[in-house]
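The same chain A turns up in both complexes below, where it pairs with chain B and then with chain C.
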Partner chain A sequence: MSTLRDAVPGADRSARHRDPNARRPGTRRRSRRVERLLGEHPLGLLLSSPYVAYVLVVFLIPFGFGVWMAFHDFFFTAPGVQVPHPFVGFDNFGQVLGDPAVRQAFGNLLVFLVINVPLTVVLALLFASGLDAVVHWKGFFRVSYYIPYVTASVATLTVWIFMFNGNGVVNRVLGDLAPDPTWLANQNLIMPLIAVYVTWKNLGFYVLLYLAALQNVPAELHEAAQMDGAGKWQRFRAVTLPGVRPVTSLVVLLTIIMTGQIFTEPYLLTGGGPDGASMTPALLMYQKGIQQGQPDVAAAIGLLLVLAVMILSLASRRLTERKG
Partner chain B sequence: MPSTANRATGLPSVLRFAVLFVGALVALVPFYYMVIGSLQRERDTSLGGLLPLPGNLTFDNFVGVNESINLLRALLNSLIMTAGVVGCTLVLGLLVGYALAVLSFRGQGLVFALVLLVQAIPFQLLMVPLYVMVVRYFNLADSYAGMILPFAVNSVAVLIFRQYFLQIPRDVFDAARIDGASEVRILRSIAAPLVRPAILTAMLVTFIGPWNEFLWPFLVTKDASMQPLAVSLANFSQANSTFQANPMGAVLAGACVLAIPAVVLFLMFKRHFTSANLGSAIKG
Partner chain C sequence: MMALAAVSAVALPLAGCGSEGPDEASGDSTELTSGPIEIWYSTNEQEIAWGDQVVEAWNAEHPDEQVTAQPIPAGSSSEDVIAASITAGNAPCLVFNTAPAAVPMFQRQGGLVNLSTTFEDGEEYITSRSGTAADGFRSADGDLYQLPWKTNPFMLYYNKDVFANAGLDPENPQLETYDDVLAAAKAIKDSGSADVVIYPPATADYTNVNFDFYPFFLANSDGTQLIEDGHATIASEQGMQTLQFWQTLYAEGYSSAEAYSGDMWAGPFADGVAAMGVAGPWGKGQFDGKVDYGVVPLPTADGKAADTTSTFADSKNVSLFTACTNQQTAWDFLKFATNDANDLALLEITGQFPTRTDVPELAADFLAENEFFQPFAASVPLAVDVPTVDGLAEKMQVFRDAWTGAVQSGDGDLTSTFEDAAASIDGISG
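The block that comes next holds the complex of A and B.
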């Protein structure tokens, strides 16, 4: 997403290249025709071709295949066997939308978002403002916050499982306050626990984003506000918050996009349970598409998921950028 | 903007330091617990167990997990997959980044649009069809090629390289052209050495992804001897590892082995993980 800001295609530069004054001396006439057809440096096509070929094989063809699959009756067969895959229209989608398990999985993502987004924004902004002003141990704090982000989920989830299972250290500390049924077996606590885990894991990344944004808020604005008699809290609200709004918008967008991909956490913590309370669409796609051999249904879930993520992303952009 | 000291944060400095410290503690405690748990002879979940008690410390858990999942083999698989991904990413990214920044050719805008499109297509859409293609049609299940394929193209690296090449004055390339150097020669002898820092940055930014990746290698590897460590460890942890003397210790020992290389590399090169590089690492 942020890459779009430096997305200035090579138009201006290629114009400069075609400027006759910038041409190297002694260009042969033959190259004129090649140039008109392929551009000044046909080598560029050659250098780009492996990348483009990969994009076709790994992204565009599977993308089209997935959409095709969702509208056809597709199932696995023995290798080499030719079977018809008839067009079934929206049948797969009908089946998906009528499935309470699917609805529950999408509902779980909403629970996740409601906890994860505010928690991420508030904590990242809090730690980034602290880091921006602190003098000592700055490096230590940055490194500490970032370490969970660079560590494999499989490794950190393992620790979380052992900290939060029935006789784990968290319940030992809580004593009589420990929840019953305990964390991983509790329908009401499992999705919040996953939301807290993901917040913990990714927070360092968002802290660094906010830190960069805070350092770009002009100090003059703070000074001017101070001259006008604004207190610390007023300056935070009137100067800092508007100054970091683009990053807030980005953070919300990224958490929404990442939410759609949640798979490893429920798979390792609970396998989607208890009773579907931590099931997510991505995990459901794995179970239906690969374990139960219904790739067409899984592809339909995938399309709905991407659609939901897109709608939420657009809504979040309108909400977070409107007041700018 | 150097005057950070008097920036408004709404918090007095002692409280601010305390908040930051608690945050760091919360970030690090699970790692401490990972290490201490991997060294405990017997599982001790009391608060006292968090202290390293000399009588209860042992390396047996590492031996135990190694007997179950062959740590070295799994590490080697992770390494091969990661090296393959990083290698492909660097080569493809360097070529396209150079072409996009320095050359001008027909279809340039389209190639750049493709680079951005790669960022925008969500993996959930690709998961099932890619699985069907790679495993059923290309027959690449349980192979390194199958594990590497979906990550070989990476717009992060392309954008990093493109950005670096754009910063090099165009006169450098024009001078070489006037001297009669071919475009290939320019790329090899002038452009590539000039962007050495970009190669390091792209390597570091793209290393963590495949090393930590779970979902895709989990889908394409069923053969235990081909699984990267993250997948073997997850399977080991799922199977409850009940025949181990201290199952939790064994799983945590595996987690340490998986976590340490990425953390060490991050600590060694932490100044390269700036927010500018992170910005281009965002997938979305």
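The block that comes next holds the complex of A and C.
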């Protein structure tokens, strides 16, 4: 295929004229091939190569190997041990789909999503709007909201255990209204509690995203709407919400992806109980793959989880990016 | 996606399990060599002190076969860390804290050396030291992949101050039967002298079976293991009695289904939160100076004499790993670490009983001077471990899931829940 320079001979001539040391045609062809292969700025390739290597080694190759595991009879062995790993087709998936614990774990994720996503979006937008309007102490509030996000889950979960255990602050405040069985041992309350905890923990990050988005909503639009007689709620609905739609879409997407990774909270709080009420696919993968020596089954669960997250992510993008 | 990537990231380096090299799964190495070795031991203070002492004594006499020791690296559990190190090929030569429940999996991974066939004196040394107890740790092929090292018979500790405050006799607490315990529990709760009567680890982790159901079941069933002849025994008459007992403890609020937020193992009893606790002789080191306690055998449905009450052994053994280069030194060190002097030192320093036939003779002076350990010593012959069967972790998880629902939360019919669980366990290969 000819290039623009080939098509415009004058361009080449002028270039040669400018450069008395211009290369011969054969050298130029080689140079073009190299350019096609490495791009216009090979240095960029060099600079990005550590990250490419990182993605390749830490994500893509392991992911591919995980897919391979899911279709084979596989378990971890010591180096040098000869063990056949026959192809088993969809056997691992059949075992996984027939396991009530797996179905329950995915059901729990759904409960988590239904609570976590709307709560995150609403609270983050609410707090961001409040912060945007605050004149004094803005930095203090931002840091306050952000601290849980950067604090280790182990530490924040300990605080929640003290708050929500049988003799915790929450039950003392509730008195006779305290649930029985109490929060951490209650099959109906444990997953909502985890969803609220995760919402609280990550809220600071999403507040910052919304704050950045709010500052990009043109003030002129608000002023114009105000001049047209729009009230606060109308301005919020007609100006602010559409203005932050891209961030809302991102927040929903991120919360869905993070939902698939829920592990630490049920692992530390309940070990997945009571009776599997806080079991998640990621925790189940740990049980099957590491504790029970069935990494092939764990990989099958993981693949289903990836599919579920991808489907939900695509659906969320369709919904949140649709123009009103 | 990240979750799958995480599992895969662990798996990837392991995928390089090549096809070359000896068939190490059999444990038949071609040549035994001597030289420096590395060992891991438990992370508790007393065992580190014992281990350091033994290693120092060995190193002083073996300049060319130096032993480097360290506590098992931090992880969610020792078993997970060891399994990962086997796969990565960097397991130490010896681990002085191998849980018998994990041995079938380590063996399946090809990580363990067959002690029976690799060393000429392997069988003879182990059986002469541990007697018939060694048979309880044989693998499916009849060989030994672990040296039975120490036994920690569980007994019931009770807080004398709490019992006295509840109007119970702290010197004769009457805890022989389940009804006795429930009556004491009612008195304790009514008096408000403790927050909880008994507080074993409450999470759904499969290993917690060993701290609530299993010791009581062993006592009530004269030492019937969780799985015998390939079948789960939990739905037996004795099993149902124990399950019913625990269900009542939870239903009446005598026990808590919440995870304890303090030190899980010694905490609730040592902190005075729980009036009773189940622990081995190591409990002395944990509870001394914190609570005034007494010890009785585990209760049963009908009550049994102490000298006929079985209990959970909570054994920890020593395994030799195929990643070890100098396996002859590892075996020699293993025999050194379990000789008369070091076994006695183990008891004296850690309060844990070496798994050997002659403890009463070996430790006669120590036991005479330390009355506390005498009932534990008497329980050693009645202590029973987990079964050595494949897939035990998965089987125990099935039981635990049923437990957290039917026993802790009181959901569903107890009998049908555990009959279903037993059927599920029977259906798991292994």
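For this structure, a couple of remarks:
Convention: the second predicted complex is superposed on the first by the 262 of 324 C-alpha atoms of A that agree within 3 Å, B and C clash if a C-alpha of one lies under 4 Å from a C-alpha of the other, contacts with A are read in each partner's own complex, and residues count from 1 in each chain.
Keep in mind that, in the parts below, a contact is a pair of C-beta atoms (placed from the backbone, for glycine too) under 8 Å apart; a residue touches a chain by one contact, two chains touch by 3 or more.
Everything numeric here is computed off the predicted structure, so don't read it as measured data.
After overlaying the two complexes on the shared chain, residue contacts for A:M191 are found with neither chain B nor chain C. Residue contacts after overlaying the shared chain place A:Q261 against chain B and chain C alike. In the superposition on chain A, A:V244 makes contact with neither chain B nor chain C. When both complexes are overlaid on chain A, the residue A:V102 reaches neither chain B nor chain C.
In the superposed model, A:I290 makes contact with both chain B and chain C. Applying the stated contact rule after C-alpha superposition, one finds that A:V252 touches neither chain B nor chain C. Comparing chain B with chain C, more residues of chain A are touched by B. In the overlay built on the shared chain, the residue A:L119 is in contact with neither chain B nor chain C.
Applying the stated contact rule after C-alpha superposition, one finds that A:D275 touches chain C and leaves chain B untouched. Shared-chain residue A:G302: touches chain B and chain C both.
When the two complexes are laid over each other on chain A, chain A has residues 58-59, 61-63, 65-66, 69, 76, 79, 158, 161-162, 167, 257, 260-261, 263, 268, 281-282, 285-286, 289-290, 295, 298-299, 302-303, 305-306, 309 in contact with both chain B and chain C. For chain A in complex with chain B, the residues that touch the partner chain are 1-4, 6-7, 9-11, 13-14, 17-18, 22, 24-25, 37-45, 47-48, 50-52, 54-55, 57-59, 61-63, 65-66, 69, 76, 79, 123, 126-127, 129-137, 140-148, 150-156, 158-163, 167-169, 172-173, 200, 203-205, 208-209, 211-212, 214-219, 222, 225-226, 232-233, 235-236, 239-240, 253-254, 257-258, 260-261, 263-264, 267-268, 281-282, 285-286, 289-290, 295, 298-299, 302-303, 305-306, 309. Of all residues in chain C, only 1-5, 7-12, 14-25, 77, 79-80, 83-84, 86-87, 89, 91, 105, 108-111, 195, 202-206, 208, 256-259, 261, 322-323, 391, 393-394, 397, 401, 404-406, 408-409, 411 touch chain A in the complex they form.
Within the complex formed with chain C, the chain A residues making contact are 58-59, 61-63, 65-66, 69, 75-83, 101, 158, 161-162, 165-167, 181-182, 184-185, 187, 257, 260-261, 263, 268-276, 279, 281-282, 285-295, 298-299, 302-303, 305-306, 309-310. Of all residues in chain B, those touching chain A in their complex are 1, 3-11, 13, 16-17, 19-21, 23-24, 26-28, 30-31, 33-34, 37, 45-47, 49-50, 92-93, 95-96, 98-101, 103-109, 111-119, 121-133, 136, 139, 149-150, 152-153, 155, 158-159, 163, 174, 177-178, 183-184, 187, 208, 211-212, 214-215, 219, 230, 233-234, 237-238, 248, 251-252, 254-256, 258-259, 262-263, 266-267, 270, 273-276, 278-280, 282-284.
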